[in-house]
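The structure that follows is given in the form of C-alpha cells.
Labels run A, B, C and D following the written order; every chain starts at residue 1.
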Amino acid sequence: MWLHTSCELAFEIALPTPFVLMLRPRSGAQQWIAREEYRLTPSVPVIEFTDGYGNLCQRLIAPAGAFSVCTAAEVETADHIDQAPGAPFVDVQRLPDAVLSYLLPSRYCESDRFGLMAAEIAGDTPPGYDQVQAIVDWLQSHIDYRPGSSDLPLSAVEVNLRQSGVCRDLSHLGIALCRSLSIPARMVVGYLHNLVPMDLHAWFEAYVGGRWYTFDATQTVMRGGYVAIGYGRDAADVAVYSQFGPAVYPSSQLIQVQRIEAHATDPS
Amino acid sequence: MWLHTSCELAFEIALPTPFVLMLRPRSGAQQWIAREEYRLTPSVPVIEFTDGYGNLCQRLIAPAGAFSVCTAAEVETADHIDQAPGAPFVDVQRLPDAVLSYLLPSRYCESDRFGLMAAEIAGDTPPGYDQVQAIVDWLQSHIDYRPGSSDLPLSAVEVNLRQSGVCRDLSHLGIALCRSLSIPARMVVGYLHNLVPMDLHAWFEAYVGGRWYTFDATQTVMRGGYVAIGYGRDAADVAVYSQFGPAVYPSSQLIQVQRIEAHATDPS
Amino acid sequence: MWLHTSCELAFEIALPTPFVLMLRPRSGAQQWIAREEYRLTPSVPVIEFTDGYGNLCQRLIAPAGAFSVCTAAEVETADHIDQAPGAPFVDVQRLPDAVLSYLLPSRYCESDRFGLMAAEIAGDTPPGYDQVQAIVDWLQSHIDYRPGSSDLPLSAVEVNLRQSGVCRDLSHLGIALCRSLSIPARMVVGYLHNLVPMDLHAWFEAYVGGRWYTFDATQTVMRGGYVAIGYGRDAADVAVYSQFGPAVYPSSQLIQVQRIEAHATDPS
Amino acid sequence: MWLHTSCELAFEIALPTPFVLMLRPRSGAQQWIAREEYRLTPSVPVIEFTDGYGNLCQRLIAPAGAFSVCTAAEVETADHIDQAPGAPFVDVQRLPDAVLSYLLPSRYCESDRFGLMAAEIAGDTPPGYDQVQAIVDWLQSHIDYRPGSSDLPLSAVEVNLRQSGVCRDLSHLGIALCRSLSIPARMVVGYLHNLVPMDLHAWFEAYVGGRWYTFDATQTVMRGGYVAIGYGRDAADVAVYSQFGPAVYPSSQLIQVQRIEAHATDPS
C-alpha cells in the first residue's frame, strides 16, 4: 500500500541547543521511499551521518526561539506482514556478525535479568519464531497497553513491575525476553497506518529462520502499513530527536499517516 | 542557493536485468536535501544499501520492456566554493584512516604511472592546495575539454594520450596526478547549475589542509551550484547506474537543474 | 615499558556452548603488540570478526568437557598516562560521528538518570577534562573500591545505591556521570601492571580536548602500564567472554602481568 | 596443518618515509593464528587500523637508516582446499551487499574490457564454479607462469598481452575474467606451504554457491597450506607494504613457511 506520512515538531528553544534528529526513513527490502521532504524552520546548517545501525541522522544546533522540524514521505510499504510460525531458532554460531550485538543487554532491555522468566514463558514451545510469538501472547495478556501513559522510556524491568505501558515499553520487555532466549531482537521506531491514537509508534523485530520478522504486542492482529524510521538496540538508539543540554520538549507534535493512491509516474 | 535537480532515464530492456543505481543525493555539510523524489516505472522491489564510500545505492531487477527511473531533488547548496590557496599538504601519517584509500591507484586513475609527470607539473609549488591548483591549471591548458566526446570511461593514462576528454576524463587525470603527489583525491558525480550543455557532471576533491576541497578543471571560474550524488575512487565506483549482463543503454536521458526560491516552510 | 600479559581461563562445559571471546588486544596509538599467543584446548573452529567498536572477537562452540583458553602478549605500552587539566569540553556539534554513540545511555550506565547529580558534582568546574577529574575525585571519596566484591556487573544506579564496588562498577558510575554532562565516555577492559590483587581490570576514557583520555577511579595516582583488550559502551559490550545458553563460569582464571626487557630484535 | 610463517623485510631508508604495512594475518573461518610476532627495528610509533576490506594495517614513519620489519606466525590452516564443481552462479540481486564491490573493475583488473573474451572462455560451461574453473584452466594453458619475472604489478590487459606473468599477474587476469561474467572475485596475498621458489604468494577467490572459494592458477593441483594475510580488489589494495614519497625497495626479503607439529597447549 502507498502511505503519506508526516511528522511536525515545534520547539521553543531558550538557548542554542545541539540536536541529533533521526527522521529520514530509508528505503529497504520492506519499504520504498518514493518522495520525501525535510524542512527546518529557520534553516540551519546540518550534518547528516549514518549511525552504527544504518540510520541516517541529522546533527544541527537549534537556534534560540521558535524552531520547527517538518518531515513528510510518500512510501510504498507491505500490505501484509510476513509471519512464519515454525521458523527455527538460529544457532548463535550461525548468526551474521552484524546481528550479534542484538543479543546483548542494552539500556532499556536488561536481558541479563530475565532468564528464568523467559524460560517460563517459552515453556516447551519449539525454539524460534514460536517462542517469540509466545512472548508476544504473554505481553498481550499480562501487560496493559496504555497509549500516552508515559513520557520517558522505561526499562524492561520497570515495565514488568508496572504491568502496563506504551508501545515502547512493551517492545522493551519483548526484546529483553527474546534476548534472554538467545534470540536477537531489535527495536524499530516509525509509523503505523490506522494507529489509534495516531502517534509515532514503536515495535520490535526478532531474528529467526535466517531473517528479521516484525512483532508488535500492541496489535491484536498483525496487518500491513508499517513505515520504519530507525532501528536500534532500544529506545536509547532510536530517539527521533536527542538533544543535549537542558531538556527541551516539543511545544507541539503532529503525526499523520494517510493512505494514498499509487504515485503518478513522473516527478515534478 | 536553492536548486531543483532532476534526472530521468528511460531504458528499453530486452531481458530482466540487475541494476545498481546511485541516484539519491545525501545531505551533508555542503548540501541539504529538503525534498526528494525517486520513481520507478513500472514499480519493482528495491533493496537500498550504503556502499563503502557512504553512497546510498539501490539494487533492483529491471523487468523486460520500457523501464524508467525518474529522480528529482530540492537542494540547498553553497553559493561559493571554498578555496584555500596555501592550505598545506597533510602528512600521510596524519590522514584520517578513511582517507587513506584515496591515495591508492584505482581502475581509471593509475597514479602509480604518473610520478615523474606530477613532479614536473608541481615543480616547486608549495605542497598542498597550491599543487592541486597547479594540476588543474595544467589540465586546463593541456587537455581539451570536449563535452559529449566519449561514452565509456577512459583512464588517466588514456586521457593523457588523447589530450582531450569529457568532465569524467579530466577528473581521472587530475585525481591520478594528485595521488602521485601523495595527496588523497576522489571523484564526485552530480549536478552543476548552469553547466553547458546540461548533463550529469563529474569533478574531483582533494584532501589538503585537513579537509576535502572541490576542484573542477572544466570550469574556468569556480562558482557555486554543485550538487553531489556520489563519491568514490573513480568512475568505477560512482556510476549512476551499473547494470549486469548484456549492456543496456538509456534510450533517453534528461537532466535538469533549475534555480528556485528558498522553499516554503511547510511540506504538503 | 614492555609487559608480558597472560590470561588463562579454564572451563568445565556440560553441553556444547557457543562463546564469543574478546581476548586479542589490538595495536593502537597507545600500545604495540609485538607478540601474541592464543591457544584453545582442545582446538576448535573459530570465526574471528570485528565488532562495532573495533574489537577483535572470536566466536566458537566450546565442546563438552574441559575447555581452556590461554592467551598471552608482549606489549609496549606508555610509561606515563597523558593528563590534560584544562582540556576543554567539545561541543556535541564538533564531535566525530563515531564518538556520538558514547553520549547515549547504555545497559549499565543510565546516564539519563544522573543529570542533577552530575551537575552537583561538577559544580562550577570548567567544562571538559576538569569535570571528569571532579567526577573521579568524587568517586574516590564516595564509592568504596572493593576488589572481588561482586561477580555480576552492576549498573551505575545500583553502584550509587550500594556505595561500593569493583573496578567495573566504579567505571560504570564514572561513565554515566560524564555522559550526563554531554561528555562522551567509554569503558575499557584490559590489564594493569602492578594491580593489587592482580586480575583483569576495567577503567574508562572520556573524550575532551579533541581526544580520548584515560581515567581510573581505583588508582590514587595515575601511572603507566595499561594494556587495553576491548572498548565499548559498558560491560555489556566488553565481556572478555560471553556465553549463550546455561551459565558457565571459569573453574579457574589466572591473570599475569610482568615487566620484561625490551624485546630482542628478531622473532624465532 | 600447522605452519610457521615468517617474513623479514630490511630497508635502507634515505629520508623518514611513511609506510602502510599489511603484515598481520587475521584469524578467520579458514585459518587460526595461534601465535604471532611483529617486530620493528628500530622500534617506532605505530597506528593500527582496519581498512575497508577488513585487513589490519599498520601506519608508521620509517626513520632514516636501516629499518627492518620481522613478522612471524604459527597458524592452523586447512589441509584441503574446498572445491565445489557445480556450485551455482549467484544472481547479482542475491549477493550480500559487501560482496558487490568485487564485481566492479579495479586498478589492475579491467573487467570492463574482457566481456567477449570471458564469454568465449566460458563457452557453454554452466554458470558458477565451473566457469571459474574454466578460467583457471585457460590461464594454465595460455599464460606462462614465471615466478620472479616482474616487479611491478601489471594489469589484466597487460598480462593478457604479455602471455606470461607472476602469481599476482595470473590472479589479476583471472579476477578480471570472473568479474566480466558477473562473478565477484577478489585477490588474496599470503603464504603457501611448499611454494617453489618460496616467496609471498597471491591467488584469488570467487564468490559462487553462496561463499568464497579459493582458486590458484599457478598450481596444477590444489592442496592445503594457504595462509591469507590480506584481501582486496587487486594488488593495489593488498600491498604488504605501501610507501609514500621516493620509492624504497627492501634491501633484503626473506620468506619462510615451515610445517610444525600441532602447538603445545600452554603459552609461555
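Just so we're on the same page, a residue touches a chain if its C-beta (ideal position, glycine included) is under 8 Å from a C-beta of that chain, and two chains touch if they have at least 3 such contacts.
Everything numeric here is computed off the predicted structure, so don't read it as measured data.
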{"item": "Reference chain B; chain at largest CA-centroid distance", "value": "C"}
{"item": "Centroid distance [mean C-alpha coordinates] between chain D and chain C, Å", "value": "35"}
{"item": "Distance from the mean Cα position of chain C to that of chain B, given in whole angstrom", "value": "43"}
{"item": "Chain A and chain C: spacing of chain centres that average the CA atoms, whole Å", "value": "30"}
{"item": "Residues within chain A bordering two or more other chains", "value": "47"}
{"item": "Complete list of chain pairs which touch one another", "value": "A-B, A-C, B-D, C-D"}
{"item": "Chain D - residues contacting chain B, complex", "value": "18, 20, 47, 49, 51-52, 59-61, 91-93, 97, 100-101, 103-107, 109-110, 112, 152-153, 182, 236-237, 242, 244-245"}
{"item": "Complex interface listing, chain A residues touching chain B", "value": "6, 8, 26-29, 32-39, 41, 43, 45-48, 50, 54, 56, 58, 68, 70-72, 76, 262-263, 265-268"}
